[in-house]
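Take a look at the structures listed below.
Next come two complexes built around subunit A: one with subunit B, the other with subunit C.
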Partner chain A sequence: MADKIKLFVNGVEVEVEAGKNLIDAVGAVGIEIPHLCYHPALGADGNCRMCLVGIEDGRPPLVPACKTPAQEGMKVLLDAEHIKKIQHDVMEFELINHPTDCPVCDQAGECKLQDYYMSYDHAKSRMNVPQVVKGKKMDFGAGVVHDQERCVVCGRCVRFCRQITKTGELGIINRTDDARVNIFPGRPLANRYAINVVDLCPVGAMTSKDFRFKQRVWFLKKAPGICHGCSKGCNITIDHNREKYKDDIIYRFRPRLNEQVNGYFMCDEGRLSYKKENEGRLTEARLGTKVRPIDDVLAACSKEMEQAAKIAILLSPNCSLEQMVTVQALAEKIGAALSGYSEGYIKTGDGDDYLIQDDKSANRAGLNLLGIDSSKEGFEKAVQEASLLLNFNNDLTLSYQENELTKLLKDTKIVAVAAAANQCTAMADMAIPVASFSEYAGTLINCDNILQHFAKAITKNEDLADICTIAARLGSPLQNDNERYSVLQKCISALKEFGVDQIPAEGLNLKKSEAANVTA
Partner chain B sequence: MGATVKTIERKGSSLIERLYLIEIFKGMATTFGHLWRNLADNRRLYVRHYPEVQPEIPVRWRGRHRLTTHPDNTVKCVACFMCQTNCPANCIMIEAGERLDGKAEKMPVKFNIDLLECIYCGYCVEACPVDAIRMDTGIFSVTGNKKESFVLGLEELLTTPGAFSEEEYKKGGA
Partner chain C sequence: MSDRSQLISTGKPFQFDKERDAEFERLIKRYPTRESMILPALWLIQEQEGWISQEAMAYAADRIGTFASKVYEAATFYTMYNLHPMGKNHICVCRTLSCWLRGKQEIVDYLKNEIGIQPGQISDDGKFSLEEVECLGHCGSAPVVQVNGEFHENMDVDKLKSLLATLK
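For the complex of A and B:
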């Protein structure tokens, strides 16, 4: 724990963490100092002047809170008349050339200008000269649309491209009321984290082309989740909405702060991976070529399993730990060979030294920790010996060419338990639809050995069972969540002291010694 | 302020009234008096001659909705969803899209109002920042023979004309 210091805000004593600036320090105890240009990940810039506060110790009458470290005994003034006046004046200044096109602006509802106007300004514009005309709807590339008129020139986006991605595509050109953010001619945003500027932008100047006009943000329900796009396991907010007469649809993923994993940001690829949750899903159970109720297909599958001499089971490295132990228990019970072969999920050289990882599966560390074999030889041997392959959501087309796959599986009956409809489910003899990661709760271990738990975010109109339930119905001894979790607690010693609800929100860092202390 | 109490005498206790038939005939006389008089000449009838004579709809009457247009007949609505947000009956369903004619950035691709769910409160008209939705069509009676026919689409909302001139509408308090 960081040291605590005591200071006074408006004469009231508060205890805050030491070593932070005033905005963060008093913000953590629920006192808001308005600010536009300051962002904890980008540091203090001091250009917007919205965070000016008074400090009663002989300093100049106004100091920017973003540049002022919190100190013991500091007397901070937020509600004095001259502070209120400066906040009002800064807001009036910001709004001089603002087009106030909130009706067509996607930021409306989560816009700092709107919020601060209501809290600190609340006055009519006194301007009677024409507003400065600037560029609107400019395509900055990488799915970012810029509106220069809405911009407050806080420079967060510019600093993001310089400090975080170190690509520097954006710059502020010209001065005074003609200052605007722009790209260099012919050099659009070209980094894999570009859409983060949309989140960073406190106003509606940066909007996402993908999300543009899809929903008004106040309709969206927000649920925490974990991105399954790669093994980093970035924390996300899943914004979803069930429109009238329609199904619960995800409209966007946004990064959620987790200092231990992803900080404030996430990559664009992961951000846009929400589409896979909405589209291309396997929704109907299939037996041969016929669509049948899921119970019939499960019954046929159980029968097939009884008759088969040898069964191979394939697991996806995207499965949660709970799903893995349930399927593992099923494999042990029926004496099936279990494999987690998924070489195709690794795109060598695709990762970088920031968030993006080579391994595009969310829980390979969990697969290894549970001791599930994921070698190519092991899988192929198991398939060749077996007459039935149970495939739990592993997309084999990533690991094999189509002709290789047909050759390998030609004598094997295939049961595909999958969330997405693809080549694998098409060639299967039976297909069973299951929930995808936004529709179940589970636990993952990321590439840095951090264990994270996520809850169910989406409830579809016709909710699909998840892999745990399917495996349990096919005969796995682990019939409920408590049994699954107690198996996990046996395997992972760090989990022993935590209940499933008590796993820390920022994740549990499994130390190397504990990861080695595997009993499974 | 004290309530004024007025005592009403209870009728029906006198002998003539208790004889019953006399009162019946008195009532019948009134009824048939009206019947003969109206059969002979219905101009003084106390009821509205609907549908031959349509009622007079005042400007502020909240009738069926319409979407207003720019002078060149393009939709004024910018799909800000204020009406949908404000609608207490949850009967407006909008889908927004990109607008390319330069009038605004955004426009509705779909704009459905379910008249069976609408409670005609007029909150959508009040919420609209660009005066794109009005309830001034003067249409008070909506009929149909299946549920779907009560869902108005963008086309129908745009082609219904207003029943009043712009000056009259503005005078009405809009």
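For the complex of A and C:
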């Protein structure tokens, strides 16, 4: 726990964390100091002047809060008339050349300029000269569209590209009221984190080509989740909405702060992976070539399982720990060979030293922790010996060429329990649709051995069962969440002190707590 | 101020000539970081070509090893960098206080008539370009006219006449 210090804001004593600047320190206890250019991940820049506050200790009349460390006994003044005037004046400056096209702007509803205008300015424009004309809908590449007129030149996007991705595509061109953000001609945004500038932009200058004009943000429901795009497990906010007469649809993923995992950002690939939750899903249960109710297919599947001499079960490395233990218990009970073979999920050389990982599966660490074999030999041996393969959402087409796969599985009956419709489900004798990760709750272990729990975010009109339920109906002894969780607690000693809903929001670092257990 | 963000592309790759290449390598040793070379490199380009093209900016960025956006920022921030071709003789008349008080307007008016262009323009034959610039730092000998980087102090219309004659 960080040290606490006491200071005064508008004469009221508050206790805040030491070692932070004023914006973050008093922001953490719910007192907002308005700011445009400061962002905790990018550091203080001090260019917007919106965070000017008074410190009553004989300093210059006003200091930028973003550059002022919180100190014991500091007397911070936020609501004095001269500070309100500064905030009002800064807002007036920012709005001089702002097009105020909020009705057609995607940022409306989550725009700092809009919010601050309502809180700190609220005055009519005094402008009677033409505004400076700048570039509109400029394609900056990587799915980012820029509107120079809406820009407040806070430089967050520029600093992001220079400090975080170190690609430096953006710059602030010209000076004075002609200053604008631009790319160098012919050198567009070309990094795999580019869409983060859309989140960083406090106004509607940076918009995502993918999201713009799709939804007004105030209609979106926000649910926390974890990205399943790779083994990093970036924390995300799932923005979704059920329009009248329609199904609940995800419109975007946004990174959610978790200092331990992803910080403030996420990669573009993961961000756009929400599309897989909406499209290309397996929706109907199929028996042979016929679409049948899911109960019928499950019954047929159980029958096959009874008759089969030897069964092989394949798990996806994206499955949650709960799903893995449920399927593992099923495999033990029926004496099936269990494999987590998923070599194709690893794209060697694709990762970087920031967030993107080579391993495109969300829970390989969990697979290994539960001791599930994921060798190629193990899987192929199991399949060759078995007459029935139960495939729990593992996309084998990633690991095998099509002809290899047909050859390998030619004598095996396949039951595909899958969220997405693909070649694997097409070649299966039975297909059972299941929920995808936004539609169930679960626990994952990421590449850094951090265990994270996520809740169910989306409820579809026709809600699909998740793999736990399917495995339970096929005979797994683990019939409910409590039973699954107690198995998990047995496997992972660090979980013993936490109940089902008590896993810390920032995740549980297994490496650290294992080490702690040893020393204790 | 005006928008200087529209760069002109020559369609040809840029390269320092031998002399400027040597100068670049000489200067780069002076500074603690390579990025410090952005402004001197832009000067070298302007010296060589008379103006700075998109290709030249990209060349400077790659040569220095910095982001092209940083070179772009610097080149558009400082108005002394010409971002489009200038006349063969680029005439700058100082318009800041001392020169203004000591009669820069007569000089500008004379040049406007004689060459037939407004400040900021280039003559049709490409021989002259005229610009009014901020303080050139020779206030003690105002008014000052700078032709192709060379200073001419205590200027008046008579002196300008003979100066122009040498340029034509």
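A few points about this structure:
What we mean here is this: the second predicted complex is superposed on the first by the 511 of 520 C-alpha atoms of A that agree within 3 Å, B and C clash if a C-alpha of one lies under 4 Å from a C-alpha of the other, contacts with A are read in each partner's own complex, and residues count from 1 in each chain.
The definition used in the following text is that a contact is a pair of C-beta atoms (placed from the backbone, for glycine too) under 8 Å apart; a residue touches a chain by one contact, two chains touch by 3 or more.
Quick caveat, the model's predicted, so the values are computed rather than measured.
Considered on the superposed subunit A, subunit B and subunit C are sterically compatible, since they fit side by side. Remark: in the superposition on chain A the angle formed at subunit A by the CA centres of subunit B and subunit C amounts to 90 degrees, rounded in steps of 10. Of the two partners subunit B and subunit C, more subunit A residues are in touch with C. With the two structures overlaid on their shared chain A, subunit B and subunit C come no closer than 22 Å at the level of C-alpha atoms. Residue ranges on subunit C touching subunit A, taken from their complex, read 1-5, 7, 9, 54, 57-58, 61, 66-73, 76-77.
Per the touch definition, subunit A reaches subunit B in the complex via residues 101-104, 108, 136-137, 212-214, 216, 218-219, 243-245. Every residue of subunit A that touches subunit C in the complex is listed here, in rising order: 134, 158, 161-162, 167-178, 180, 182-187. Put simply, subunit B touches subunit A in their complex at residues 78-82, 85, 90, 93, 96-98, 104-106, 129-130.
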